[in-house]
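In what follows, chain A forms one complex with chain B and a second complex with chain C.
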Partner chain A sequence: MNQADVSKLVSKLKIKVNPRLRKFRNAEGPLGRLKKLRKTVTALVKHERIELNYPRADEARMYAERLISEAIRYGDCHKTTMELADFWLEEKQLVHKLFKVLVPRFQDYNVSYTHMYRAPRPYPGPMHKKAVLELRGNPYPSLLPDMISNRNLIHNVLLDEAKKEYRAQKYAEIAAKIESAENQFIGKADTSSNTSNEEIATSEKSRVKDAEGSISESSEINKVQDDKK
Partner chain B sequence: MIVSTISRRCILRKQTSGILRVSSIRQLTSNTKSTKENIPTKFSLAEYRHVYPEFIPDPNVEFRNPIREKLERLDMLSRRAHIDIPEFYVGSILAVTSMDKHSPNKTNKFVGICIKREGCGLRAKFILRNVIDHQGVEVLYEMYDPVLSKIEVLRLEKRLDDELFYLRDALPEYSTFDSNMEPEIHPEGAPIPINPIKVKLKPRPWLERWERKDLKGIEQIDLPERFFIRAKELATPWEKYDMMKQYMKTIPEEEQTEIFAEIQQQLQQLELTRKKLKRKRTFIKPVKLA
Partner chain C sequence: MNTSLFLGKQALPKFSKCNITKTLHKRFFANVSEESKQQSELFRFESKRQREAVGRIEKIEVKYEGPPEESTLMMNKYLSTPYDCAKHLGEIVANRSAVALVNGETLWHMHKPLEDSCSIQLLHYNIPQPAAVNKTYWRSCSFLLGAVINNCFKDNVNVQLHSFPSPNVRSGSFIYDAQLSLDNWMPTETELRVLSAEMVKFCRQNNPIECLNVDADFALLVFKNNPHKTQQIPSIAASNKGRVTLFKVGHHIDISRGPMITNTSHLGRITIANVFKLNTDIPGGPIYRFQGVSLPYSIVLNHVAYSILENRAKKLNPARIPGLHGVSDEDGSFVKHAVA
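After this line comes the complex of A and B, so read on.
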């Protein structure tokens, strides 16, 4: 049973931390391990999305999270944090990126700062598991499939059916309007002359077009609402 | 060289049965209800970790168990209601009065410097060291041991290092303390003084290789150059960059504040009762001369 070290306060990480650290055995010992991980952390901060072997990604993710949380906690005027950033980021322009880009980006996050996905391994090929590690809020398109616009999902099927029904209802209303107008016209035609017949027909057409336009607009509004949902 | 350190373990007995524990919890909850009104805060939540480090659970994930930790905290508080366990640090001089089951109705008082604090929860321990009759004596006490009847801080101060095991290899005058020492008064709210004393070590052989430990509280060591070369080879200066290692040795701030917010009321209540008792004691105690 040990007593917790109280000399320094740390923020809680929002990812699951492994119970033990990986050794990454190498000739240089523990320092070599840190140097290996340093390369990965530097690449992650530089490219914001990298594909690599799973164990290295899993280990480097914890270090990247810690580095960002330290930077958020202490800022760029704290000597120890600056030394940490100087050690962990091999390219020195990335120190500026850490404090000026990543800290403002992640300041108000309640979730982890990184994402890790399991990537498929090449077949036939080495049996190592692969992973994709990325910073949240990166500029690349998402790696996950676009589930919102999948037509076969049940909620999308239901929405489509609802739209169809709405459209049919609107068309029925328009048809009823035209019919009533025609009936009126036939009733008046006996009394008045047939000269304005063509004019009325064109006006009817334009009215139908307007109605259709309104339907398409309303369906667009529906789509937007779906996306928001 | 003769190094004779007697260490006596005061083993914690399983005294609290299930029924007792429930009653103690009930007592505590009733206490909190009655004392929720404004009690002046002595420490901020972040500072509690220095004063009560044993309330922070073990950072090793394998030993974590939130329910056990909570029950332990309640047991610790109920023990603290019976015995005043004061604030002290490694380097402070304490006087501990304890009882012995083999000699009933008698107490032993041991005065010494605290050279180590370890363990958490009910297993929190500290080691006191003194030189008695030219013989180094160390006693390991468990803080929540029911055998202890009184813990008194004679001098509240810190040293330059987190543990003072090097006193075992230092000259005896550095760990000799008068057993009739009077408690020194530490003004309320004043910062804890740090004693900058540099200890002179005896010549080798030692119990440990102190030249490899990066100690601040020892004088320049007189050793051949090869010892320092080897120490430099074995040094691990990159450990300060291993952020996960640090993370796994400590408990995150969020969890600490949660724990101390939970027990803050009870701790403050204990502080108040301690102050009252102190005042009483100063009036009653007569000093007999000659």
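After this line comes the complex of A and C, so read on.
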């Protein structure tokens, strides 16, 4: 059977999509639901970080992600995408923001374009779960505590020391390699005077190069720390 | 070797859920030795006696500096602790505070009564200069490791806790040196995992760590069955005006100059990474060095980075190896000066 490859028709989102959509029951029916979500998507694009009830945030996030990914995929000269943007963004100046600000910002991202956090609910107060929905790369300070830049925190102290120890171990290995190469060189020079000194020198150089290569490859710990960021 | 060294593990029959729950239930209460119970009873009596000896209650003025706001509290002399102050300031402050800083210079255990009007700061793990807190945390980890070692072995293994050296976070692992009646024990991966799990379970009981300053005679009475501690107490007391600081968690009591963290609930990830046999001249059996690594609950680290820390903690910690002579004064488990 000739079945269409779905990923070519619809852009694949980088967030988990709910298998069942929430109804958000209201007098206007499904259109009313979309109108509600439209308000939220517009607010998200406008303010870049909003706090709202969890179900609405979760639902609107999917539409916002879809909108941005379509905009990146087809650009602003695509009629359908422009209609989509026209529908989802109630304030029309935000259509410009979508194509001129958000598309350049997100086009190289290989993660989701939005970020959602669970937020505390006021106590005492209504029992609804709250969430914070934000666009990545927004200009506000991060909501999560910064655990990286302060190197005096206990995990950073431990990681830094581990890194130092790893470095020291690698340098010791390199030193041992060079030493063994030197020993070989002296040994060879003593036994066989036929071998030209130049050849041995080049072989030694290559050994040293190998060793240097190994230390540059082996900066795993560095990488891990960067990942953490 | 298998895990049968440890309490309760042998008794687990396979495929019978009912039996497992029964055994676990029994295990939870049975693993406190009679000796520990007596020790903790003594501790309780002494702390009660000290509380009653306060007599007429006087008020002191405690100035709190720090978030949420600076405030002045009227507290009771020799009765109120920094933790009591923290409770006035809110649950978040009370739960996260690891150690108090009195008058901006003395580190003060959170459950130790304040002795005069003073200003206090409550330190936690995520502050700009957390070196003192880290050290306190590391010391507490050693102390708790001692509690776990004391509790988790079966009766046929004789365990005598020796001491733990001054906490050094940079060394990558916290340590406890203990004497076991086992020759050439090389712990397997499973045994280490069981030990780690025991420590996690112990810390989940959320026991507060209590503190008591006693005289040397009382300390000798508490540790009458431990030859190492009995030997250490006189020199500790001599360097601290005849007093010894005891710390208690659950039913376990140990000597340390302190301070410790507030509660075992502060410990997040815990791994007991390795156990080494040490070369020492201490009589009565081989001394083993237990090593572990841990992070506070408020610090979340991904498992890749944490595994780097675990692997490092598997190497022998270069801290001073205890010997028959020379109870050195750098040793953190002994009272050097009253900072607790």
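Observations
To be clear about the criterion, the second predicted complex is superposed on the first by the 141 of 229 C-alpha atoms of A that agree within 3 Å, B and C clash if a C-alpha of one lies under 4 Å from a C-alpha of the other, contacts with A are read in each partner's own complex, and residues count from 1 in each chain.
Quick note on the criterion: a contact is a pair of C-beta atoms (placed from the backbone, for glycine too) under 8 Å apart; a residue touches a chain by one contact, two chains touch by 3 or more.
Values in this document were obtained by computation on a predicted structure and should not be read as measured data.
By the touch criterion stated above, A:Val111 is placed in contact with neither chain B nor chain C.
Applying the stated contact rule after C-alpha superposition, one finds that A:Ala4 touches chain B and leaves chain C untouched. Of the two partner chains, neither chain B nor chain C is touched by A:Ala175. Residue contacts after overlaying the shared chain place A:His155 against chain C, while chain B stays out of touching range. By the document's definition of touching, of the two partners only chain C reaches A:Glu165; chain B does not.
When the two structures are aligned on the shared chain, A:Ala189 is found in touch with neither chain B nor chain C.
Comparing chain B with chain C, the partner in contact with more residues of chain A is B.
Against chain A, in their complex, chain C makes its touches with residues 125-126, 128-131, 133-134, 137, 169-172, 293, 295-296, 299-302, 304-305, 308-309, 312. Here chain B touches chain A in the complex through residues 46, 49-50, 53-54, 56-63, 117-121, 123-124, 236, 238-256, going by the rule given at the top. Against chain C, in their complex, chain A makes its touches with residues 145, 147, 150, 152-155, 157-159, 161-162, 165, 221, 224-225, 227-228. On the side of chain A, the complex with chain B involves touching residues 1-6, 8-13, 17, 19, 21, 30-31, 34, 62-63, 66-67, 70, 83-84, 87-88.
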